[in-house]
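My structure is below; once you've seen it, I'll send some questions.
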Amino acid sequence: MLYHVRMEVHPPTHLPPAEFDRLKAEEKAQAQALQESGRWVHLWRIAGQYANISVFDVADHDELHAILSSLPLFPFMSVAVTPLARHPSAI
Amino acid sequence: MLYHVRMEVHPPTHLPPAEFDRLKAEEKAQAQALQESGRWVHLWRIAGQYANISVFDVADHDELHAILSSLPLFPFMSVAVTPLARHPSAI
Amino acid sequence: MLYHVRMEVHPPTHLPPAEFDRLKAEEKAQAQALQESGRWVHLWRIAGQYANISVFDVADHDELHAILSSLPLFPFMSVAVTPLARHPSAI
Amino acid sequence: MLYHVRMEVHPPTHLPPAEFDRLKAEEKAQAQALQESGRWVHLWRIAGQYANISVFDVADHDELHAILSSLPLFPFMSVAVTPLARHPSAI
Amino acid sequence: MLYHVRMEVHPPTHLPPAEFDRLKAEEKAQAQALQESGRWVHLWRIAGQYANISVFDVADHDELHAILSSLPLFPFMSVAVTPLARHPSAI
Amino acid sequence: MLYHVRMEVHPPTHLPPAEFDRLKAEEKAQAQALQESGRWVHLWRIAGQYANISVFDVADHDELHAILSSLPLFPFMSVAVTPLARHPSAI
Amino acid sequence: MLYHVRMEVHPPTHLPPAEFDRLKAEEKAQAQALQESGRWVHLWRIAGQYANISVFDVADHDELHAILSSLPLFPFMSVAVTPLARHPSAI
Amino acid sequence: MLYHVRMEVHPPTHLPPAEFDRLKAEEKAQAQALQESGRWVHLWRIAGQYANISVFDVADHDELHAILSSLPLFPFMSVAVTPLARHPSAI
Amino acid sequence: MLYHVRMEVHPPTHLPPAEFDRLKAEEKAQAQALQESGRWVHLWRIAGQYANISVFDVADHDELHAILSSLPLFPFMSVAVTPLARHPSAI
Amino acid sequence: MLYHVRMEVHPPTHLPPAEFDRLKAEEKAQAQALQESGRWVHLWRIAGQYANISVFDVADHDELHAILSSLPLFPFMSVAVTPLARHPSAI
């Protein structure tokens, strides 16, 4: 099932920059592993913002929440989830 | 270039239903032709709403506006456009 | 899978009252059949508003959208869908 | 009487993580005791967010406020309460 | 139990003025009967708006909804309900 | 003259808890003195929130502002003031 | 006492233009009489909008509401009232 | 002086299409004359919307309002005006 | 030319109180000098808020920005500017 | 291609002022170099705010994002991007 997810990152001011850089590197590795597994099917940068628009293809709400909440930057994100159904005009 | 577009349809109350049905049929044909041409690359229904989330791949802003503003249902839509850039973690 | 759905009805002013009453009766019958089938698991009135908060238990986004969009009052509703995951503190 | 409650947690940055973990463990114990007592009748995670949607069944507004305001994470929550009435189409 | 209710009236343009005047007269009579019965305990006009702020004292959510939804102007109102608890500093 | 006032408290994270407790005790004393004087005529807790809805009866805007801005918790509050006029249906 | 009032006019589409022109002429006459009487002390057009920002000097909330609600265009206005107190830095 | 103006057109449903087409033609002629006169210095279409972003260079607020409020489509527009000052980093 | 300006002060928590008091004293002196010069023509306190509504009469946008951005409390303010034109019904 | 960009700066409170001043000087140099290269075609100050409205002329979304995200003040900005198409009435 497909979910549209918008994530916006609010970098913390109370973390040492090196610590935040480490979290970003872990986030990138995790994002790429999820893309390779076929669960994170689209990942786009919103131009001009520290934010992305993504599409996930997972089994259910629980799997989606498990994935999102275990992202290293999750504590610094605001996240909006929209369930996507098939469109009658889609080919 | 990729554009994220959210379209929400507000069916008019002042049109005869048959006229609106005709516009919807034309909209569907146009949406499918644009998908086949490779310019309307994703089209998803937002679950529970008369709305869709789409991704377009077109040459520039002018082509995007020409496509959107010539959709038969355009006069009854609210539309939000977000330019999508490449994400550094995308594979 | 569980979905939280908020529906608010905006009664149309361009329909004859008898026609709207007929739609409401059909809506009620459909809501009760869906409750009996186990797919519409909770249905509460929001105090003071022509609106409800509901929980659906359906197979996927497509089934949810099919159910909601075929409700007789759907054309007169604004609808918000929230996917519900299991809470780690739920017993 | 039923109340729909939406709680969103904003983890504090000024608390030592161990202290916040202790509060979360207390919150979980309290949430489970309230569920067992029949007063916290539903508790769902909003997919993708550090937030829940809950339904409480308590005697009155004062009992609801006493319960919510004594939750260990209450100082870090934004809370929205909606009174739920019986829906005429509910079975 | 006390409920804070904000009501804003949006006069319909599709009703003959005499019909709307009749509804307003009925609304006034009903509001005064409810005040006399002790259930509509405060009724104030918001200065500069066709809106009021009220406090109701009723048995439960169902009674509140029954009262509000049977007001003659209810179809033309937007209504917001806030449950009021006892304040620890109130004398 | 009557004023409807909504106050929401945002407890500061930079004050020692004992200092904030002292301010809360002073706030309570001041609120009770103002109620006894007849100027703070209603004080209700909004269920589930660190917020209240109040009604003041004072001579004019200046007196209202003097009272509100001298509350010990005023620096930590967001405040909304609504002037209340007599309602033609009030008894 | 001073009140800051923002009025925005939403011209009705269901009135004959001549009727709306007549109401505008009456509104203008009434606005000028109120200015001459010293109660409508400032009246400015918001550049680019069919809206004004005004300051009234009246005895109390009831007089303000009586004035505003008897303006010929009141049924087509959205109105926001802000009570103005003396500023400690005003000379 | 420069003013940033955002205009969004809400086509009326109560006008015959030919009448609205006539207004659009007049609007276009007036927009072009104002551009040629140097007062309407930029005019861009917002991609995907019946809206524009413009910059005007006029003597003062009164001239701006006179220009905007005499546009043939002004009755069907929502307009937002932002005064632009010189930026210290502009070359 | 007249500008309507709404300023809301958000006192900083990272400044020593004595430093903030010094800035407030400077702000007051500057506000009074600007009033005496005829450029800050109105200054009102919004009842119940650490905010003011003001009217400035200055030569142009640049002068307005220079004045506002040099106020000692400017770094702690949110500011909204509305250009005011002459109203056709003003006397 | 043209992009309308609104940038609002939220100065950090956790940076030493000298460090922030250094970033502002770098920002100014970078803004001027981008203007000279023809990619940052307009840069205006919003009167009364620490914010600007800009127009960029760049090859595509990726170039826009690369420019914006490398601005020294980018971590302290909220940014909104609007793609601009040619307007049919532009001369």
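Chains: A, B, C, D, E, F, G, H, I and J, in written order; residue numbering restarts at 1 for each.
Operating definition for what follows: a residue touches a chain if its C-beta (ideal position, glycine included) is under 8 Å from a C-beta of that chain, and two chains touch if they have at least 3 such contacts.
Everything numeric in this text was worked out from a predicted model, so none of it was measured.
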Shortest chain-hopping distance from chain B out to chain J: 1
Equivalent interface positions on chain B and chain H, same or different at half: different
Centroid comparison with chain G (C-alpha atoms), farthest chain: A
Centroid spacing, where centroids are CA-atom means, of chain E and chain J in whole angstrom: 50
Chain E and chain G, separation of their C-alpha mean positions in angstrom: 26
Approximate Å spacing (C-alpha centroids) for the pair chain C, chain G: 42
Residues of chain I engaged with two or more neighbouring chains: 2-3, 45, 47-48, 61, 64-65, 81, 83-86
Interchain pairs in contact, sorted by label: A-B, A-C, A-D, A-J, B-C, B-H, B-J, C-D, C-E, D-E, D-F, E-F, E-G, F-G, F-I, G-H, G-I, H-I, H-J, I-J
Touching residues (chain side chain A, partner chain C) in the complex: 1-3, 60-62, 64-65, 81, 83-86
Chain J residues within the chain I interface of the complex: 11, 13, 45, 47-50
Touch list for chain E against partner chain F, complex: 2, 4, 27-28, 31-32, 35-36, 42-48, 52-53, 55, 82-91
List of chain A residues in touch with chain D within their complex: 3, 5, 12, 14, 61, 64-65, 68-69, 75, 79-81
